[in-house]
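Every chain is named by a letter (A, B and C) in the order it is written, and numbering of its residues begins at 1.
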């Protein structure tokens, strides 16, 4: 692949070349407040901000956009991130004027919005095999936190909260699982993987007990492997009085093939920005609805949406609600896009999504000349860069016109390259991606050390960024060595 | 790759060194440890006067992508800390046995401390 | 698995069996299966029969046109009303340029910038966003987003507890705080064994005397808002800051970027942390979707939750941007991270930055000044109506204010809704009214309707 990212460079006053200058290095303006009808002591003395004319705003951000790789440029196979194509029409749907309402409207004036939220609750419940789903958590990690608050409320209702202080998390789990458990006030018990990369049932039996609040699991796990013992795992946790939590990051592998509810999970979150194609937006917004089984619905966040006898929709507070996890109703625009995407695909499209995601991963893996120890994998696999530092390997891949996989994680694989092509790559694009792996694999260590050379910035010194943090344009120039 | 392991220091399994040549014990991390960590970008130290139990996490060393706890191999009271590494964490990389020391503690050398040869064997 | 051809003219778009966003042709599927020596896609699923799903979701696939039409129809059921609603979610006009630029797929469809060399554009935009917030707050460090104001407040309390030399267990918030924000804060505080208590206001501002009675060494954070949830500009922030400081508690101020463009900068009144909803610029009314603003003084840097973009240099010595201080975050520090946040509101931050850039300092300051003037004018006009006192609190207001009505507020709000206007019912005889440039032309109609309702 012949690839060169656009780069907009100019010389500053000091003769240093910089890529597109900061807004603060262009036209700025300082305003003072003379006419405002407020006492002086309440008003700031002045405000200094960039003041570009609109054409300059447009040029600035267009240039920045060109120095940014995206799903629409080419393969973006970040494992566990599910960087699939984001359909255009969902943006049009999100822009509909009638959806732009204030969250404090009384229910009767917000029937359209509530109807969509209710419809999405039902869609998600059906897809996950759950009783219902709350849409309030604004991201996957927020969903985890919410789910654990629900678990805690459940144990409180059984007078067991004081004793059930532990959440068990497999070592290969996403970092958010550990952090969410800690935020919910739990002690984290880490469970090492067994030799074939799965949860060791024996060790789990040892770990669970009267102090277990929940086990958090991703299935398929971060190696792409289905936890084949899931039914036994569920029994072990339930027999000990704990709850089973499903991290939905990898749900794209299983749509219509297996549902967390049927596997015995009590609580799950959905990463709608992964599985259901709402765009990642450079890091967010996403949404992390959680589904729960019937027994836990009374603990869901306030409010929940329900349909009344006359077919209208209303908000209500579940009887033993944990309260709120977002100031209003979560990331509405993302939820709306999710509703549109699921409506478009329907049963067949959803099932086909997983089929093609799994086929793509398996085909891609077969075309790559790197060790892949663990299988059979589903929508993602973890290859090893072998003797090469995986982070260096990734820099080399950048020059092949693709985004590299997630690197150095999960730690069970040395120099891991965690690769998830998603369903949205054609065979031709998979071949491009495989060729990028191959070409990178042939690069010498010197070539890798010099990579990337085709991106807007050459290799960036992470160490000096951390040793000498400059986090705003106010700091630029000040602390330069 | 070989790592420097001075003969006149004592070592621990968890890659700290102990200098017992003065009245108080000086503690740092080994050349091997700094190499494993990579470029150190931030260090958190105990406070002078802190009373530490042997084996307790008492300092933190961060590189770009990793965070490591430093465990005191010695029980006792912290008598001095190396303020210079707060501003220049790179000293842990460039001079782990010298200007990159971490803290000094008033206590006894543990029985299970390793000499240089034993430590070298362990990291090989 | 039977796949339907997507592009062939003899095959009309069959909706039932394939995803229009999975581009494999049947021939490609066959070739790929053959390459991996598999007979069917189904055999690739390693799912034990006991937990396999063979049912249907009963979700009918639709064409793009059908979906768009259905959603248009559904959203059309949102009654056509003019909103005078605020209380933490505001509708300012968002210029078209914000949509056109932020919707560029290079921004919209990118991921978190873990590979900075190929993500310089978004990183720079976020760095500029952080810088704008630093300017507006006067504080040293701003992160590149939390979910919303409520979750940012929760994170602020956790940070305040971590930075204290000695442990503490209480967080004090104003009694006027939105109950929803209070509830979110309690959920965040609970895991850290913190309790949330309210302090009273007098005449719309902090009752400093009462606060000084409540505060003690066990308080880790005092939170105040300006403007308050009732729209009053808080005039006693310095006194609150002093009280907090005297007890080694952090002082957290809640505000928003428009208000901050006019009001005394938080750093100058002694704030240690500023939180708020920055999507008041960048997003129009969006049913409460937000952008958590989070800024702190320098000493708290290592305890900041969420992503931070910093500058560095490339191998050639050229300035470049990168996520930095990532060891604070969950993917490295796991249960000892400063927060569990991963996915955030980066794209909304981009929109807010574009909006601020488009307004410029002059435009932003003018917008903020209008928020004072329009609230004051609307209050004066309603005050002139028989049976209405506005504003109830004898303070300066920003965007919104509370009005007392002689008739019960529930009746007033309901009858105004019948006449096409939505206002908040905030007390037995109190309604709250928010005016921005998107509804200021309708103030005449609102005043006339209030007159009718109270006749």
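Note that a residue touches a chain if its C-beta (ideal position, glycine included) is under 8 Å from a C-beta of that chain, and two chains touch if they have at least 3 such contacts.
It should be emphasised that the depicted structure is a prediction, and the values quoted were computed from it without experimental measurement.
Participant: Taking each chain's centre as the mean of its CA atoms, which one is farthest from the centre of chain A?
Facilitator: If we average the C-alpha coordinates per chain, B ends up farthest from chain A.
Participant: Kindly work out which chain lies most centrally, taking the average of its C-alpha atoms as its position.
Facilitator: If we average C-alpha coordinates per chain, A lands closest to the whole-structure average.
Participant: Using mean C-alpha positions as chain centres, tell me how far chain A is from chain C in Å, no decimals.
Facilitator: 18
Participant: What is the distance in Å between the mean C-alpha positions of chain A and chain B?
Facilitator: The answer is 38 Å.
Participant: Where the centres are mean C-alpha positions, what is the separation of chain B from chain C, in Å?
Facilitator: 44
Participant: Where in chain B do residues touch two or more other chains at once?
Facilitator: In chain B, the residues touching two or more other chains are 41-42, 62, 64-65.
Participant: Give the residues of chain C that touch two or more other chains, as numbers and ranges in rising order.
Facilitator: 327, 332-333, 336
Participant: Among the residues of chain A, pick out those that touch two or more other chains and give their numbers.
Facilitator: Residues 462, 466 of chain A each touch two or more of the other chains.
Participant: Quick one: in the complex, what on chain A touches chain B?
Facilitator: 408, 462-463, 466-467
Participant: Under the stated contact criterion, what part of chain B meets chain A in this complex?
Facilitator: 39, 41-42, 62, 64-65, 89-90
Participant: Can you list the residues on chain C that touch chain B in the complex?
Facilitator: These residues of chain C touch chain B: 302, 326-327, 332-333, 336.
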